[in-house]
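Per-chain numbering from 1; labels A, B and C assigned in written order.
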Amino acid sequence: MKLPAIVHKFSSPRNFYVMSGKLIPWFAWPCLILLVAGLYYGLIEAPADYQQGESYRIIFIHVPSAWMSMMIYMVMAIAGAIGLIWRIKMADIVASASAPIGAAFTFLALVTGSLWGKPMWGAWWVWDARLTSELILLFLYLGFIALQASIEDPRNAARAGAVLALVGVVNIPIIHYSVEWWSTLHQGATITKLDKPSIHISMLIPLLLMAVAFKLYYAASVLMRARSELLKREQNARWVREIVANES
Amino acid sequence: MDAKLSTAFWALLKRDLRLAYRHRNELLNPLFFFVLVVMLFPLGTSPEKELLMTMAPGVIWVAALLASMLSLDTLFRADFEDGTLEQITLSPHPLSVLVLAKIIAHWLVTGFPMILLAPLLAVFMYLPDEGIGVLMLTLAIGTPILSLIGAIGMGLTVGLRRGGMLLSLIVLPLYIPVLIFSANAVNTYLADLAIRGQIYFLMAVLVLAITLAPIATAAALRISLE
Amino acid sequence: MGDSTSELSVQNIACTRGYRELFTELNFVLGAGQILRVEGKNGSGKTSLLRILAGLAEPADGKVLWQGKGIRHPENNYFQSMLYLGHKPGIKFELSPLENLCMAKALHGSKNENGIEEALYQLGLYGFEEITSGNLSAGQKRRVALAELLLTNARIWILDEPYTSLDVVAIAFLEKLFQQHVQAGGMLVITSHQPVTLDGCDHQRIVLPATELERVA
């Protein structure tokens, strides 16, 4: 299967560099605005929960982070597959640029989950299905990052990472299902949280605002990381020299 | 073509078994490790029969996971270093099928003996006799999965000078479903409940691993050889 | 590139190691009965080029075509027509020469009728067939790997420093073998630090650009 020529044209390093430079502000500014709005509505406007009081407000960080952690892994695997099959350099770069961001969101989800757990369960850590899955996901990210870091040649690193990300994507549903199943067997300490199907609208709005803000943040930061990696990889190319000469 | 592929497949399987036989003293190391890890648990906790009994399936399975992971090094390392792996990749036959021959040979000399060793460990951990059969059954389905998944990780790290720690970071998270379902099958059986679900799940994962892991391993090896 | 005489054609290939560029825009064609010598200083990418030709590595840019199609093209029989012997021994030291060559034959699906014993005999390994290869000398180990040349019916041979640790007699034997192969319409890609005498053969040379010399302390 061949990709249309236009895809190759837009994914050529030079075009990508120029286009992404123009796109970043369009992600970064809305991200900032939505982040401020989301935090305002979430921390100040939304009413306190009748059971959990104020501490529930951490979901405005925790839940979007957990969503991001899954989404970025998917992006990584898809970008990796595109790079592996169609040999598009930009896809490789996007995949490896995504990993640290994804790992950071996973870490954030774990930390906020743990902070939330303390007042709720009286312990910093509970082997609840979601937290456990998230912890395993963090290790999948760390494995990916460590593998790429230890392969010197950037092209081989990208391809090896892509294989690992694809293996991970096949495994994530299996791992997720196993952990869910394991945790229902050992019920007791765990309380299922956020399983209320009807979340109040005043809580839903900030949650969605934050979720969109996080996605925009990811888009802006992955482009920035990809741009700098691109300059490093293409350091011998003429267009990079021109850009460097113009900017300095 | 097919006849020739099977010739290559069997030749490679036989070659790896022959090589394993010529290094037979090394074959025992993962097994010693397997027993040693299990032995550490009573020493680290207490020799209380009740405690060890509840922990037995989990502990034996964790040890199996670690032993099988450590044994992966022999799967591709030597072939990578002496260049025979290059020759295998350059064969006109599909690499994934040839890789499967190597994985099967590897399982026969590492995973299979672990099944036979299980009753001894069951005795160490006071696992009731009726649980031993199920433990061996889960090992029989589970250890091939470990070899197949491990082969992918080994394929990715074989070209790296210090791949050992990295291998565990890559492979152990992927081993988790096997651990959960296998250990649970034994516990559930001892509680006199049906374990069909767990066994079916493990079988399904095994089928998935047999179909996909050799392809991923072949891709990984090609990358590592570059 | 519909030139029917060019069997192997290399178009605009580039090769990088890490972030460093080894060579770019390399072009050549190799037709039946031709020899290509790859020359260049240490680190100029000779081995990298040979590994690209063998399909072990991917070029950073450009294409390698066999009979007009990419070497991995499903209709192509490149890997049946190609034999690569690299730097590494390519044989198992724990196995005897006989076992090693049986394995090689099975892997490459060679239809060649030549017997393994005969090949070992020609390379002066008569009487060593059953000995563990690890106990052979460096030159003898090399000969075991080179015996594959007598067992294959590959049309293109890609050999990276085949003369390493061989004695004069063995080198002369190899040179004669190369001439026979080429005269029968075969192709040869070779790197060597030793002078190669291949008189009367259609002979091309490629010199890879020298990279900066590394300072020797």
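Here, contacts are C-beta pairs under 8 Å (C-beta built on N, C-alpha and C of every residue); 3 or more make two chains touch, one makes a residue touch a chain.
The structure presented is a predicted model; accordingly, all values stated were derived computationally and were not measured.
S.K.: Give the chain pair, either A-C or B-C, that is connected by more C-beta contacts.
M.R.: B-C is joined by more C-beta pairs in contact.
S.K.: Identify the chain whose mean C-alpha position lies nearest to the mean of all protein C-alpha atoms shown.
M.R.: B
S.K.: In angstrom, rounded to a whole number, how far apart do the mean CA points of chain A and chain B lie?
M.R.: Once rounded, the distance between the two centres reads 32 Å.
S.K.: Could you grab the centroid distance between chain B and chain C? Build each centroid from C-alpha atoms only and quote it in angstrom.
M.R.: 37
S.K.: So the centre of each chain is just the mean of its C-alpha atoms; given that, what is the distance between chain A and chain C in Å?
M.R.: 46
S.K.: Mind pulling the residue numbers of chain A that touch at least two other chains?
M.R.: 153
S.K.: Multi-chain contacts only, two chains or more: what residues does chain C have there?
M.R.: Where chain C meets two or more other chains at a single residue, that happens at 58.
S.K.: Out of chain B, which residues touch more than one other chain, so two or more?
M.R.: Residue numbers touching two or more other chains: 226.
S.K.: Which stretch or stretches of chain A touch chain B in the complex?
M.R.: Those in contact with chain B are residues 84, 136, 139-140, 142-143, 146-147, 150-151, 153, 156, 159-160, 163-164, 166-168, 170-171, 174-175, 177-179, 181-182, 185.
S.K.: Under the touch definition given earlier, write down the residues of chain A that touch chain C in their complex.
M.R.: Those residues of chain A that touch chain C are 152-155, 232-233, 235-236.
S.K.: Which part of chain C faces chain B closely enough to touch in the complex?
M.R.: By the definition above, chain C touches chain B via 51, 54-58, 77, 79-80, 82, 84, 86-95, 99, 102-104, 106-109.
S.K.: Using the touch definition from the top, list the residues of chain B that touch chain C in their complex.
M.R.: For this pair, the touching residues of chain B are 4, 7-8, 11-12, 15, 18-19, 22-23, 81-84, 86-93, 98, 225-226.
S.K.: Which positions of chain C touch chain A when the two form their complex?
M.R.: 16-19, 21, 58, 60
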